[in-house]
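Both complexes shown next keep subunit A, but they swap its partner, so subunit B is in the first and subunit C is in the second.
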Partner chain A sequence: MEFLAQWLDVDFMARFAPMYVKAAGVTITIAFWGILFSLIVGFLCATVQYYRIPILKQMVSVYIELSRNTPLLVQLFFLYFGLPKVGIVWSAEVCAIVGLTFLGGSYMAEAFRSGLESVEKIQMESAISLGFSPWQAMREIIFPQALAVSIPALCANVIFLIKETSVVSGIALADLMYVAKDLIGIYYQTDEALLMLVLAYLVLLLPISILATLLERRLRYAGFGH
Partner chain B sequence: MQDLDISILFKGINFLRLLGGLWVTVRISLIAVGLSIPLGILFGMFMTLKNPIAKGISRIYLDFVRIMPQLVLLFLVYFGLTRAFGWNLSNEASAILVFTFWGTAEMGDLVRGALISIPRHQYDSAAALGFTKMQTFYYIIVPQTFRRLLPLAINLTTRMIKTTSLVVLIGMVEVLKVGQQIIDANRFDYPNAALWIYGVVFLLYFFVCWPISLIARKLEERWR
Partner chain C sequence: MEETVQLQVQGLIKRFGNETVLNGISFSVHKGEVMVVLGPSGCGKSTLLRCINGLEAADGGRILLDGEPIISGGKNMIRMRQKIGMVFQSYDLFPHKNILENITLAPMKVQKRSKQEAREEAEQLLNRVGLWEKRNAFPRQLSGGQKQRVAIVRALCMHPEVMLFDEVTAALDPEMVREVLDVMLELASQGMTMIIVTHEMQFARAIADRVLFLDRGTVMEESTPEKFFSAPQTKRAQEFLNTFTFEKPNH
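Coming up: the complex of A and B.
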């Protein structure tokens, strides 16, 4: 502590730590809902692509291209500043969650799609010839294998989306970035504010990153015939 | 009303200004990619070393870059370096530094992946045929890794272009900021300008990144 106090204003850090905890709550809330909806949207899109449903399939492709080739910050600016002009007024939180879902949905869709494509067609045919209904075959045979293949990509997307939430400070949501920027602006305690920012993201993301690595290792047995 | 406000794009040089703003971010990403590719190749080769210290260093570097949001890295460099070392970097210099730092790590990991995907027997066969280490690398390994790497490196470029949109948050005047200026300057004449300006910015990014993504996908399919 003595050593630390030479370099850093420990009192300052203790005083503002609760602000970071509160801001981390904002980051987590937005990330949680954004990721949840991304998974749902991604799963639906991947299903549409897998079954090649006409019209919907083309719409999904357009959505995926739009979402993957534009930055989240620009999407958020459009949602937050642009849409109110046509009467769609959403709070910053809603915009952030919608934006994150718009971005994340396509990434999750790609992850699910690569999983579904990795299961050979013959498995579906074999299952049907054994008397499974197409739905049963999907649920009991194809999906579990596809999910195991998708898991690493899904985990990578979760980490990516949590990181992307740092952008929401751009539409004035009081997340971790916003608090750090505020403290730098008001008190000029740049070192302390930035250090706490880095620590906060490490605390949030390091466990998830380690968990993802473990999960990936554990699921490696799932590759059929490898 | 909204139909009329689209004309703000064609008023004066507004559209050209937006394009100029876009160029600011695209230029940063091109410079950063240009620096990241050679540095990333070196870093990727460094990562394949068996030396535990080399492994440790590259592990920490890669994990740190992977875990920290790019915006945090920008803040660390733009606000932190000034404070810690008294380096007064401009926001553009900080952005190039951060995106090169990030790009080198990502590129290095791609290079490492491509290098270790070359089966062991390729090295052994080359050695058996009397190639020196240098020759093996130059004639056998590099051409094969290049094909695996190029589509991924192109994809990194689109990610870079998308991520450089963040520089507006460290005060650079790029396409979003220019858009904001146009909207603010015309607040009374064009009250609904925001819809059109941000919509156009969205599409501008799309039309820059989309063709690049398509090229990467085509190359990947052809060289599989």
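Coming up: the complex of A and C.
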């Protein structure tokens, strides 16, 4: 501790650590719901693309282009400052979750889609010719194989989206980024505030990253590899 | 042999875009009969089999199994498909399931048979094709020939009335062809009704009760293997058979 204290204001860090913990709660809440809804939206979009459902398919393409080619902060500003002008007022939390879902949905869709496309057509045909209904064939044969292929990309997206939550400080949500910026603004303790920010994200992301690696390794081991 | 007609194809027409791939195919297969379908590449053999089990919708004509029409996407399709077993050229086992699961999945999920009963039958069938030891292996751990034997067992476990084989040995190394053909020969001797597409002429001759020769989507000849192989009636059939014989080059 004394060694550290040569460079850093340890007292300051101890004093404001609880604020970081609280802010991590905000980050986690937004990330959790945003990722969950992203997975749902992504799955639905990928299914629409897989079945090439007319009209819906075009809508999904437009959505994916929009979502991938606009920055999250711009999307958030639109939701938080733009929508009230047409009478839709959402809390910052809702805007953050909707914004993150809008962004994440397209990334998850791409991950699911590449998984679905990796499953050979013959798999569906042989399931069908064994008497499975198309839906049964999807559930028993296609989805499990597709998911195994999608997992690495899905995990990467989860980590990407958690990092993207830092943008929600832009609409005054007291997440980790916001607290760090706040402390710097008030106390000018830049080193301490940023160090704690980095540590907080590491604590959040490292376990997920390790879990993802383990999951991928396991899948590769089970690797159906043709 | 019983003379009841099991499968009837009447004036079957199938088009892909402007291309008419099957142009009025008619034939019937009796119970317990083995029909071998021959013809040059692209003449529509695979398409014919795919129409019979409803993977492709016909554009004209009828297909009747036990007198009941097979209509792709029709209401009875799921029930009709269970009466038709199909084995494809490419090994199409489910890679995420082990061998026993591959075989028992459809009996359990589609026919709602008990796990125990399905397993018992699967093990018996595996034993018959000499693969009982592989029951807990995954498809990727099997050779091509073993995979095709499992694919046959998987289809058989659904108790089909007709089995369709589409060039099931075409992708195999030569030394594995025999083990798969032997399984099919055994099936034939047990009275299974079969329609077989193959490029193995010796095998075709041995297993066929009747031969159907297709060219450009039409039936050119329908005869017995003896007659077809020794005295083909049409010029196209003669040319086709000639592609399988080699003459010693003169130096």
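Definition applied: the second predicted complex is superposed on the first by the 220 of 226 C-alpha atoms of A that agree within 3 Å, B and C clash if a C-alpha of one lies under 4 Å from a C-alpha of the other, contacts with A are read in each partner's own complex, and residues count from 1 in each chain.
By our rule, a contact is a pair of C-beta atoms (placed from the backbone, for glycine too) under 8 Å apart; a residue touches a chain by one contact, two chains touch by 3 or more.
Please read these numbers as outputs of a predicted model, since none were measured by experiment.
**Student:** Just to be sure I read the superposition right, which of the two partners does A:Trp90 touch: subunit B = first, subunit C = second, or both, or neither?
**Tutor:** After superposition on chain A, A:Trp90 lies in contact with neither partner.
**Student:** What's your read, subunit B or subunit C touching more residues of subunit A?
**Tutor:** Partner touching more subunit A residues in the overlay: B.
**Student:** Can A:Phe12 be said to touch subunit B (first), subunit C (second), both, or neither?
**Tutor:** In the superposed model, A:Phe12 contacts neither subunit B nor subunit C.
**Student:** Just checking: does A:Leu206 make contact with subunit B only, subunit C only, both, or neither of them? Give me first, second, both or neither.
**Tutor:** The first partner, subunit B, only.
**Student:** Contacts for A:Met177 in the overlay, against subunit B (first) and subunit C (second): which applies, first, second, both or neither?
**Tutor:** In the superposition, A:Met177 touches subunit B alone.
**Student:** Is A:Pro144 touching anything from subunit B or subunit C once the two structures are fitted on A? First, second, both or neither.
**Tutor:** Touch partner of A:Pro144: subunit C, not subunit B.
**Student:** Which of the two partners, first being subunit B and second being subunit C, lies in contact with A:Ser129: first, second, both, or neither?
**Tutor:** Only subunit C is touched by A:Ser129; subunit B is not.
**Student:** Can you give me the overlap between the subunit B contact set and the subunit C contact set on subunit A?
**Tutor:** The overlap between the subunit B and subunit C interfaces on subunit A is empty, containing no residue.
**Student:** Along subunit A, where are the residues that touch subunit C in the complex?
**Tutor:** 120, 122-123, 125-133, 136, 140-141, 144-145, 148, 222-226
**Student:** Of all residues in subunit A, which touch subunit B in the complex?
**Tutor:** 65-66, 68-71, 73-75, 77-78, 81-86, 159, 163-167, 169-170, 177, 180-181, 184, 190-191, 194, 197-198, 201-202, 205-206, 209
**Student:** Enumerate the contact residues on subunit C facing subunit A in the complex.
**Tutor:** 53, 55, 78-79, 81-82, 84-86, 88, 90, 92, 94-96, 105-106, 109-111, 138-140, 151, 154-155, 158
**Student:** Which residues of subunit B touch subunit A once you look at their complex with the stated criterion?
**Tutor:** By the definition above, subunit B touches subunit A via 2, 5, 63, 66-72, 75-76, 79-80, 82-84, 158, 162-163, 165-166, 168-169, 176, 179, 183, 191-192, 194-199, 201-202, 205-206, 209-210, 213.
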